[in-house]
Structure formats: C-alpha cells, structure tokens
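Going by the order they are written in, the chains are A, B, C, D, E and F; count residues from 1 in each one.
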Amino acid sequence: MSERLEPVPLPDPALVYDLIAAALAEDGAHRDVTTLALVPPDQQGRGRLLAKSSGVIAGLPVAAAAFAAMDEEVELVPAVADGAWVEPMTTIGVVSGPLRSILSAERVALNFLQRLSGIATATRALTDAVADLPVRVLDTRKTTPGLRDLERYAVRVGGGHNHRFNLSDGVLIKDNHIAAARARGLSIADIVREARRGAPHTLRVEIEVTRLEEAQAALAAGADVILLDNMGLPEMAEVVTMVRGRALTEASGGVTLATVRAIALTGVDLISAGSITHSAAALDISLEVEAGTSG
Amino acid sequence: MSERLEPVPLPDPALVYDLIAAALAEDGAHRDVTTLALVPPDQQGRGRLLAKSSGVIAGLPVAAAAFAAMDEEVELVPAVADGAWVEPMTTIGVVSGPLRSILSAERVALNFLQRLSGIATATRALTDAVADLPVRVLDTRKTTPGLRDLERYAVRVGGGHNHRFNLSDGVLIKDNHIAAARARGLSIADIVREARRGAPHTLRVEIEVTRLEEAQAALAAGADVILLDNMGLPEMAEVVTMVRGRALTEASGGVTLATVRAIALTGVDLISAGSITHSAAALDISLEVEAGTSG
Amino acid sequence: MSERLEPVPLPDPALVYDLIAAALAEDGAHRDVTTLALVPPDQQGRGRLLAKSSGVIAGLPVAAAAFAAMDEEVELVPAVADGAWVEPMTTIGVVSGPLRSILSAERVALNFLQRLSGIATATRALTDAVADLPVRVLDTRKTTPGLRDLERYAVRVGGGHNHRFNLSDGVLIKDNHIAAARARGLSIADIVREARRGAPHTLRVEIEVTRLEEAQAALAAGADVILLDNMGLPEMAEVVTMVRGRALTEASGGVTLATVRAIALTGVDLISAGSITHSAAALDISLEVEAGTSG
Amino acid sequence: MSERLEPVPLPDPALVYDLIAAALAEDGAHRDVTTLALVPPDQQGRGRLLAKSSGVIAGLPVAAAAFAAMDEEVELVPAVADGAWVEPMTTIGVVSGPLRSILSAERVALNFLQRLSGIATATRALTDAVADLPVRVLDTRKTTPGLRDLERYAVRVGGGHNHRFNLSDGVLIKDNHIAAARARGLSIADIVREARRGAPHTLRVEIEVTRLEEAQAALAAGADVILLDNMGLPEMAEVVTMVRGRALTEASGGVTLATVRAIALTGVDLISAGSITHSAAALDISLEVEAGTSG
Amino acid sequence: MSERLEPVPLPDPALVYDLIAAALAEDGAHRDVTTLALVPPDQQGRGRLLAKSSGVIAGLPVAAAAFAAMDEEVELVPAVADGAWVEPMTTIGVVSGPLRSILSAERVALNFLQRLSGIATATRALTDAVADLPVRVLDTRKTTPGLRDLERYAVRVGGGHNHRFNLSDGVLIKDNHIAAARARGLSIADIVREARRGAPHTLRVEIEVTRLEEAQAALAAGADVILLDNMGLPEMAEVVTMVRGRALTEASGGVTLATVRAIALTGVDLISAGSITHSAAALDISLEVEAGTSG
Amino acid sequence: MSERLEPVPLPDPALVYDLIAAALAEDGAHRDVTTLALVPPDQQGRGRLLAKSSGVIAGLPVAAAAFAAMDEEVELVPAVADGAWVEPMTTIGVVSGPLRSILSAERVALNFLQRLSGIATATRALTDAVADLPVRVLDTRKTTPGLRDLERYAVRVGGGHNHRFNLSDGVLIKDNHIAAARARGLSIADIVREARRGAPHTLRVEIEVTRLEEAQAALAAGADVILLDNMGLPEMAEVVTMVRGRALTEASGGVTLATVRAIALTGVDLISAGSITHSAAALDISLEVEAGTSG
C-alpha cells in the first residue's frame, strides 16, 4: 500500500505557528533566566539533533519552525527527511545561529519532534508488519487535544492512513449510537437507513457490529463500511467472507504488534489502532551544542 | 513524602476551558453527523465512565468541564476522586443528560481523561517504589505543548512533585549551557557565580554535573542544587556523601520502574523522570451508554 | 422530503457567541454615544421585532443571544419559531429590559436576523417549488466568510439540506480538478479511481461531468455521485436514465425559482444552488420601541 | 462628487489577514481531500479569474491576499484595478503557482471577491444614476457582522461614501431614541440639545424627522444633519427648502435604482441605502484553470 | 458642568473581562507558589481595601470582577461608590471568600484599582479648580495601550469629559497634518475645506492653530472647533473674543493644577490634559487580610 | 552594580507585536479620518522624534515596531540607543516613509515610548543615587496590566533589576500570608518551613518581617531573603547586622529619591520600589514632521 512516494503534506502552517507560539510562551522561552545569565547575545553556536534510539523521524519541519519562531536567524538544516528510519546516535539535523535562541527554543522544538517521531515509529511498526498485505493501518480520534492535525501527519509519515478527521467528516455508528437507537426500538437495518437519510450525501455510512448477523443486516441495509470491534479472528474472517467486497471491513480493538498481522490475514481492508497516537512513547532525541566563542 | 492529603489544586479554569473549547471545535463536536442523524434532540441518557485497566484516575474535573462545555445540561458525577487507584472494570463516574451532547463530547472528554490518568498512573508507579524513602519524584519540561499545566496536575495527582514550570522560574544550568560557557573560557565555579549574579534573587541555582570534581566545584561556588545526569549509582552516592546536605541533589536520566529505587537509595533528594509525561500510555477508559427512550 | 419535524440544531454556541461579541465590538455597542446621551441607565423598555415583508424567519435564537451578550437583563421572547412563514407586519418577537442595552444591540441583532431570514426565505422558495418531488435542495460553499455554520443553519430552516461543510468532508471533483488531472494524461475513469484511492475511506466520491459519456465512465469507475453542472435538461434526463439509481445525481448551475422544478423533473436526486446564500436579499425586519418612563 | 481619483484605501491588513485565515480554516483549505488526492505537490498551474456578468470589480487585493495566505508562492496579477467596470467574460486577473494551493484557496478568494464586487456594483448603479447631481450616496450599518470594514471599502470602490462606522463615531437620533425620550416628556428641541450636551464635542448631531415641523424644531435647536426617513418626495423637497443649507439633509428608506434620482432631485445632500450592503447579489466570477504537467 | 448625577457607564464587560484574564495569567495567579504552600484550600478570609492616601476612587467594579474572575466565590462589597472622594485610611470595600483566591488575585485587582483611582484623582484636581467656570476638562489619546476604555472611564469618574475615542471618531487637524498639507501648497482655509469634504458628514472639524490669523482663517473656512495648543494666555483670550461662540475653542499644552484656572478664565470651552492619563500617580491602596481559621 | 554593558534583551517580539496590533486597532489607526482626508497616499515624509525633557530613553525598538506594524515601508532610525540619557530637545530618532502611515501610527508609537522612557527615567534616578553602593534597585509587580514584560524591560534599561516576574517564580511571604498562617496557629519559623516544604525546589524563600525578632526566627528557619517592609532605618541596620550575609535583605516601602540612599546605607542588598512603574510620569516626546511634496 506504499503507493505514495511523494512527501506527506504538512498541516496548515498558520495552525502550526500558533501551536509553536503558544508552546514557546508556555515555556517562558523569552524569559530564559539561565541562558540570559550565561550566554552573551552575540555568541553563535551549532547544535546537532541526535536520535538516541532507532525509529522514524517526523516533525523536522515543525522543529525548524519552532527555532525560527524563536529567532529568524536560527536555521535548522535537516540531515534526513521526515519518514526516514534512523539507527541510534544518528544526527538528524543541525541547528545554527545565535546560541541564546537555540538554547531557549530547544525544549519546545524537541517536545514536538520527539512526540511526532514516537507516533511515526509506532505506526511504522504496525505498517511494516503488514506491508505485503492489502490492508491499511488507520489512526483514530484518540489524539492529543489540539494536536490532531500534527499527529495525523506523523501517522502518515509512519506509513499509516488517516481515518475521519472528526465527527463532521464521517458517519461512524458506534456501540453507543446503537444502544441509543435500540432504546427507540430501531433494528440495525433501521439504524443504517436512518443514518443514510440523515447524513450528508457526501459521506459513506460505517457501522460497528459485534456478530455476523448484524453485519449481514447492516450490509443489506446499505452500509458502506463494517467495523468489527474487538471481534475474534474467526468471526472476523467469517464476516469478510460474507461481505465479499460489497462493503469495506475495518477491524479495531486490541491491535498490537503481536496481533496486527493475524488480524490483517482475516482479509479486512482496514485496521485502526488508537495506541499509535494515545500511547506512543516519545522517541529519544537530544540536542548537542558546540558553542562558538563570543562575538 | 505524602504530606499533602488535601486535593491537588487544578490549573486555571479559564485555561482549561480554552483547551476544551479548542478540542471540541477540533473534533467537530457541534457537527456530529452520526449523532445528529440517529439521536433525537429530546432523548436523555446516562453513561458510565468505565476504567478497563487498573491505574490512578486523574482528570475527572476536566472531563466534567468538557461535557458541560458541550452542553450545560450534561452532568458528570464522579464515583471516585482524582488520585484514586482503581481496578479494571471500575465505574469512575456517571454522565447524564441529553444524549446527543453526551455522545458528541465523549471523545474529547475521554482524550483528556485517558491521557491525564495515564500520566498519574506512570507517576504513581515510581512514587510507590520509593514511598518509604526521603526522596521526591519530579516531572520535567518534556510535556505536551500546550498541556503542561494539566500534565503537571496529573503528576501531582500521581504523588509526584513538579520541577520548575518553565525557563522563567528556575535556574538550571545544563550540559549545553556549560558547553557554551566553557567556549568562553569559564570554569564550573565561574559559571555558578555568573548565573548567581545574573539570575533573579528569588531563584536558586541548579547545575548539572557529570563528575565528583565538578560537583565539588559547583558546591564551593554556591550552587543550591546539584543535578546528576546519567551518572552511575556509585558516583551518585559519592556525590551525595560529599555534599552532606549543603545542597540538594537531583538524579535524572534512565529513571524507570526498574531503576528508581536503586537511584533513591543513593540518597539523592530528588529524582526527575521525563517518561512520566512524554511516554505515559493512556489509561484505557470508555463510556458505556444506557439510553432512555425519546422525549 | 420534509421528514424532519424537529427543530433544526443550532451551530456551536461558543462560535455564535464569538461572532456576536465581535459584531458588538465592531459596532461600538458599548460606546453608543447617542443612546448614552439620551437614555438614562434606569429607563426600561420593550420593543417589537416586526417583519415588514413576508418570508421565513431564521435566527431568533441568534438575535436573542446578541441582546443577552449586550446585557443579560435583556430578554427576547420569540412570538414565532425559526422556520415560521410570516406575512408582512407580523410581530415575530418582543424584546424587553434596560432600554439602553436594547438600543445599543439593536443593529447587530437585526443584521444577523435579517440575513439569516433572507437565506431561509430564498431557500424556502426553491424547496416549496419542488416539495412534491423526491429531490433535495442543497446549499454550496458560496457562503459569507466566517458565517458558514449560521448560513447553513438558515438553509436547513428554509427546508434545504446541506452539501459538504468544507473541503475536508467531501470529495467533489470539479472542472478544475479534471483539467489538472487531464494535463497529466488521466481519463475520467483514472481520476475517479485515483480519488477513491487517495481519499479517506469514510467519504463518497462525487465528480462533475458535462456529457453522457463522462457520466458513464465515472459510473463505471465507481463514482458515488454524478454532478451535472450547467447541463441542458434533456441531457440531464438522459444521464439520470442511464444511471438508474446506481449513483446519486446532482444538478447545479442556473438554479432559479423559474428553473428549479423543471430540473427536478429530470429525476435528479439533488439540486444545489449558490444563490440562496451568496445572493439572498435580507428580509426586512425592524425594531419598534415602546419606552417606559425613567426609573 | 467624483473628486477622488486616487485608489480607495484598504482596511487594516491585519484585520483582512485574520478574516482570510479564519475563512481558510472554516473551509478546511489545508485538508482539501479532493485536491490532495488528485494534484501532485509539484504540479504548477495558472487560472484566469473570469467575470461572467457585467459589474464593478472590488476585492482583488483581498483575493490576492487569500491566495498568498494559503501559499506565498501563489501570485495573483490583476488585469484590472478595483473600481473597474467590466463586461461579461472579462478576465480580471491571473493566478499562478502551485496548483494544489490555487485550488484549495479558490473558494475563499472567490467568496470575498464576489461579495465585494456585488456591493460595488450595486453601489455604482445608484451613484451613476445621480452622478450629475450634488448628492452623496451613503452606506449604512446594515453590513455583514465582522465584514463592515471590507464592505465599506466596496461601497467606496463603487463610488459611494461611508456613513458613520459605528455607534461611537456619529450621533444619529433615530425613531427609537425619540420614542424613548418622548416617554420622558422631551420635545424634539429638548432631544437635540440633550444629545449636543451629552455627546463628544467632536461629533455632529443628526436626527431623524418625519414631518416639517420636527425638522424646523430640530434645526432651531442646533441639529447639524436632518435625516428624512421614508418621507414623501414633496415633503422632502419642502424640508430642503426650509433648511436652506443651514444643516445637511439626508434621505433614507425605499432607496432603489427606480427612486434614487427622484430623491436626489429634491435637493437632499445625502442618500443612504441599506440595500447596497444587505441585499447586494454576488457578482458571478469564476476561476478557470489551465494546468501544467506535473513537475 | 456637573450635569451628570447618574453613575458613569462602564466599558464593555467582555473587554474588561479579557483584560482581567490576561492580567491574571500574566501574574501567574493560578500558580501562586507562596499561597498554595501556606494557605489551605478551605481557609476562608476577609480583606479590607484600604485607601492610604486621599483621592477619588475609580475601578471598584473592575477590582470586583478581577476577584470574581479568579474565583466566583470571592465577593467584593464596595464601601463607597466609584467617584467618591476619600480621606487616608478609608476602607473602600471588603473582600471575602476563599483566602487562597483572595491572595492570588490581590495584586491584579489592586493594579487596576490604583491606576484608575490615580487617574480619577488627577482629573478631579483639575475639574475642581474650574468647577465654577463653564469649561470642560478633557482627556487625550495619551492613554496606556490597551486600557483606553478603562482610563477614559476613570476620567469621567473624576469629573472630566472624553475627547474623541480614537482616530476614527473625530477630525483633529494637528501641526503635523498642517505641515504635510502646507508642503502641498495648501493654506489653513484650504485645509479646513479639504478635511470637511473628505471626512464623514457625522464629524465636526477641529484644527490646531498657533496664531490669531490662523484662527480667523479656520473659522472663516468653517472649522467647528479651534484648538489652541501651547498658546499664551493673552493670545488665547484674543482668539476666544474673536470667535464669539461661532466655534468651540479648546486649549491644550502645559495644563497643570497651577495653570488650569487661568486658562479657563480666558473663556475657552474645553481644556485637554494628557497628564491626567499619561502621568497620573497611582493612588495608594492596599488589602488588609483578616484570616479565618481553616475549614 | 553596572556590570551589564550589553544591550538589555527585549521581551518576546510576538508579545510586543500583539500589544502593538491591539493598540493600533484601539486607536483606529486604519480609519484615521483626518489623515486620509488631508494626506495623499503617495506623499512621503520624515519626522524627528524629539525628547522635550531630559531623561532616559527606553522603547525605541517598540516604537519602530509600531510604525512597521502600521506600514512596513515606514522606518525608524534611532539616533540614540535605549538607555541613553538625553537633554531636552534631543532628536532621538528619525522616522521616514509614507506620511499617511507615519501620522496614523504616531500616537501609538509615542504612547509606548513615553511610558517606557518615563519608567526608565524614574529608575535611573534611584539607581544613580546609589550607584556607588553594593545594592540593587528592584521593580515590583505593581505594573500596568498586560505590559509587565515591557515595563520590566524599561526598568532594566534604567539600570534597575527585576524582582520575580509573577506569583509563579518566587516565594514571597507577605503580611497577608503571615496573617493567614498565624490564624492557623503557625509561628514565623513554622511558616518558613512550610513554605520551604511546599514550594518548588528551584525557588528561594523570601519573607517579610517587621521586627528584629521575626528576622531572627525567619533566618533560623532557613529563609533565603528577608524583606524589611516600611521599617525604620535603625531597625533595618540592626537586621542587616544580625543577618551578617547569611541571607539577602530587601527593603521596601517609602522608597523615594529622598530616601533611597539612606536606605542603601543601612547595608541592605536589595531595594524595591513600586513607584518606578506605577507612578512614573511619561517622558515628554513628540514627533515633528517635515513633509515632502506629493508623489
């Protein structure tokens, strides 16, 4: 499924800038008492961004924007591109410019870079495990409040695909919706039809099912995508066989590196995993400064 | 060190409200096409917030604020208080009100709650491991951009303490500052003195050292806190012995559940761990809806 | 198609409040030199909102919020509900409270109310003309910058349906996309397939065609919706016949009160009209004050 | 009255930028799923902005700013200046640059351009009808919430003049103020004097009257401008004759292309028309893309 | 000129709230490390707001809003009204509620209150000196960036009047405009006429003059207000005599407590003084806490 | 104490820009009716910034940013650097560019420049009086809401030092905290210990005392800084002698040009003065324009 060789498009630069500016303010980057006391304004320097663990790099343009937002004279020259897999102790970029600004923006730049690289790395682990199979690994809406655009970017950098962005651009009928509708006496088929009628005509209708019979009812009622949540592997395979391509099938729940391949082998079209965003460990990246002499 | 029995103070409610409002907008909570199509406006409902794994709960007031920001008629009644340790399948709160609003705000509320509970849980693991020792577990500035106040709250809920909030309220001379100053010919002692002179009089001076001799020089020059970064256990113990309470000692680097007790036993006063914020896995919490009939 | 008897859901109240607050600031409502000079602070009053032309009322809750944002002691009690058709000189609501606040917020409240009622009225004219036919009248993205949510609300109040909200929640391949793709050597079928592969799995694929052959190619390649832009009536009917329900058909271009019924009679499923938002005349509504005596 | 040959000054660029950024975000311009799926990042293109109806162009600098806000590599070169009258099928500008950005910003740029050109066109119709008479055509405060500055710009581009910007920069005593003051026992003369005393000394006092006697009383009490709202033509002429230049006279109410000249011939100095902003139809303008090949 | 006995209207509460929220955030009021360490969350308390110098109180509603923004359980009950003259050691209000919140908001509340009271006091000194004369004391645009609305409120509380709010609501032709116009060959009379023609019809035209001849020319050309900047007393009197009420006269420059009465005695209608806003000393006000016991 | 020869670092440029943009909007700089009527768009000009009183200049970069925010073609070339002492009638900078923009931004630029220069001048008066003594003059948190960063900059430009920025970056136990704690039965020593335990380890503990015994108790309990508020000179000297360098001593209250030297001679390390920010008179600075001819 690696049809896309081109660079992954970045989110709205204005949004990214606002996130960076808020982060710099939060971190008191312009009242950095330590740096102001120890580094003269005219001291220049360089710093290597060093990946200390292996993983997929994501967010170098964001880190560059963070340094530039601090001080337009600071430049980050990437040594690798977003999406590169690196081994431990790889230099992934070099920052140069006024040392005060480099040190005051360091933490903010790294906080973005480490988190996004962590997400890309977690995603890549899953996508690599199913690289030869006709399945897409998807993210979920279980992202950090405010950072969804960036985290979805990292998922794509890691080889994953994005599920719907938010509640507005996809109809996804989940267990709680079904419980709500059943309380009104609706069957699965009723629910699919009501969603189809009420939703914008530009959207497909996806519904979560727990049993084969529900999948059959949903399919008959016109569901476009069948979500199999926390279903056993044999049942999944049974649903896939039953559907026979008349709808897409998506698996979710309990997706880990240990399970993803077996899930994919059931023949589902899509596998979504919350863990790649809500529980990805940050990639260990540091900045190693080589200072110049003053002025 | 569990001297504080009172509730942990929450961050600025205006800040929390802004984060919530941005998250609801990001998630398209007011254009939830699925819920609008399937749930009538007058259908009421209840939902149980269910912790599916064991851990420390943090963020119930934030989740409550998220539901209330969506619709002031939605109420979350906590079943436990922030800071409680829960076993799997514990109901931690009950949400009730208009079902549309409950479903449309569900993800945002959970995204905050799961992340903060994950941080509190990771923190508690470390603090429990050293609960009988006179040491504080600290967070770092390795927090999610924009969420530092909330994540520090979760650390305190988990029994940890907060390090400086940002670059403005603590002097912390790190390896890169030392590299910058050495390039100007300064010794460790010079650096401590220059920081003392340049910093606000309200702040202590903390400096990172890598060897005993540096610790001695820093102490002699008046450092208030000595940071031992990635130092071996015997060396740490040696520094602690040398310092003899004349300054605080802080250990950082490689702090895990496996190592924290051994580090604490060296006698350091403080142990800081980036992982409790940058790499905490989200706690698994879901909402289980019981719908009423319409109107 | 009037399946929805329930009230149309309003947009995010926080968004509406922000628009109102910006409008009050823009209008200098708190520095209303005329009112401050002539109306004592304790003078109470009432005002009737009077529709001077016939039409559909939309936006009374927004007007109420505008008065309340000016002064929480001002209350607007609607005399009709949003969606009501009114004849000239109908009182549609009564405002009461401190007269200063009523007068200072009058213009902002009316500016929202007149515009939204104008849009609802223009929409109703079209939907009434095809009320007995199985077709939906849709809006477009030709809305006032910043007011899209409110204007779409007015369309629904007028009996219309909403097309996609924005570029994120619908795949709509228009003439310019086709020109861009053709320059790369792609056929209509290629384009549909590339869009299907590149787009999120939650979205249908809609494509604009100009000839029957293109419609056939698009349908064969899996298009979910066929947009017939500025096509002659016979050609439209021909496409509808060809499609035979295997995809939705949407007509756009030149949709007026004079043409909408004939277009609908071709059998298309959807008719979209930019004019209902970009060129709707404001409905004439005024405020007629009956002042109380001071204090 | 066409004394101004120079370009009309644009509103605050920071304000315009904020409106554009909000509009691009509202339209999901950076998550344009169709364009991202079909247009490679390196494909360049050109597009002609084509006026399909005759009218006055206004807002080309705003459209240019919208494209540039999307992507600084997109350039709009105007083919005519704001204020130009164009015939149908006139190319009014050419956009060039990365095709993705052109297509993603197209709708936002057009939404501004079509609305502002519609206002300028409606204004020009009125001003042309009275071009040989010593009268000014004015706008009102009946503008789109949030867009007042831009819409007043379009009025000036169309040859009109601006009335007060908001409630802070003009004393305009309207029927509701008079009703409020009469309830306190004040006469027209009292009202004018109280307004004069209470208002900033930098502002003139304008008052709405409905009869000749009121105009006389207002003039005697020192009114600077007499507003004749919905008054018959003979009565208007009578007031103008009575005033004899000792105050300005302004006509409002029922101002249309059919009536404006007759109103002007009464000799009033000013004619204000809400319709040029609240009910102007958008000018039909489209973008016609000529795509280059990829890379 | 004390015609106004009613309370001075406060600025837009939304604006005031935003200023307060920004000030609380700036002051770190929700991370008040001292108070959090020393005051338990359930300790209640009271505090007296004590004026330590004599002066005019202005801003008690703003201080109340600051405490309430910190914590809605904190209440400030004023002991005097804004506008009251107080002697040293007067209790002007009492704050009660949770002690933590009182202490954390104290400085922000006082910073607003002391500044506004200082401005009101400086204004009152001037207005008292000319209380028996038919002259108004005016402020200028020399206000603190961002606080103009509040500072103008304080001026009114002190018995002064407001000049134009900003560049948009008054035509004031100053020395630099005259220099600019003279460079284009315009005379004083030309300038007045050009301003009259170019300005909105709702505004008067005011012009600064330095000599009697200029005043004569300006008056003849139709100036509504003549500004006498830094003119000697005899010259001022001469201009006033010449004008004979056909325009207003305003004096500015060098207005102090020592000079204001002599200036007023020249017969000018208006005296404007920048010092009452740009150089007013803060009134000395403190908070004296009486703490309750915990819980 | 003039150890710092290098330029004082400016606050966050993004913060400064936001303050400027808000100030320009507040002043209606883009709707400057006078300038728009009198100055053609192509007229260029120059203006000298003229200090009319003696004092210390602070804020020239802010003024330059204000002109540039209005119009990037306006350039301010400083004739002196921030921190320079100037005599009356000194040209401190030259502004050149489009005259319209210069005139419309003039007041905002001057409002910042005059206030900051006033603060720097007031600070310099105090620091000069004790220049030969080993004492630092400090500001307080008695700053203008929203402008603290800029005002602290001006204090440093005037030779002063900054106290803590806000409640988050310093522990300062004041009379009200002590009253609160005493109500719970705590002694001075208890208070110091509780603050030390509850506060972040990066902060020193400062406490206000009124008597020698309290100072002794505070020192014994580990206070790092002893604040002597409104204490008599002999008592101050006595405390300084008692402390013998084991803590810092800070004097506050009643600090004026008349008293500052005597206070310093008691041997205190720090003197803080609220008056330098809350009551500094603006420095008199004006803009003198030399206009070019049009175009």
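Keep in mind that, in the parts below, contacts are C-beta pairs under 8 Å (C-beta built on N, C-alpha and C of every residue); 3 or more make two chains touch, one makes a residue touch a chain.
Model, not experiment: these values are computed from the prediction.
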{"item": "Contact-graph distance - origin chain C, target chain D", "value": "1"}
{"item": "Set of chains whose contacts include both chain F and chain E", "value": "B, D"}
{"item": "Interface numbering overlap (same over half, different under half) for chain D and chain F", "value": "different"}
{"item": "Chain whose average C-alpha position is farthest from chain E's own", "value": "A"}
{"item": "Matching chain pair for B-F (criterion: over half of the contact pairs shared, by residue number), options A-C, C-D or E-F", "value": "A-C"}
{"item": "Inter-chain centre distance, chain A versus chain E - centres from mean C-alpha coordinates, in Å", "value": "53"}
{"item": "Whole-Å gap between the CA centroids of chain B and chain C", "value": "45"}
{"item": "Chain E, residues touching no fewer than two other chains", "value": "29, 31, 36, 40, 165, 168-172, 197, 200, 203"}
{"item": "Arrangement of touching chains [line / ring / star / complete / other]", "value": "other"}
{"item": "Full enumeration of touching chain pairs", "value": "A-B, A-C, A-D, A-F, B-C, B-E, B-F, C-D, C-E, D-E, D-F, E-F"}
{"item": "Sites on chain B touched by chain F in the complex", "value": "3, 136, 138, 161-165, 168-172, 197, 200-204, 206, 224-225, 248, 250, 269-270"}
{"item": "Residues on chain F engaged by chain E in the complex (per definition of touch)", "value": "19-20, 22-23, 26-29, 31-40, 43, 45, 47, 99, 103-104, 106-108, 110-112, 114-115, 118, 141-148, 165-177, 179-184, 191, 194-195, 197-200, 203, 274-275, 278-282, 287-294"}
{"item": "Of chain F, residues touching chain A in the complex", "value": "6-7, 9, 11-12, 14-15, 149, 165"}
{"item": "Of all residues in chain F, those that touch chain D in their complex", "value": "21, 24-25, 29-31, 36, 40-41, 69"}
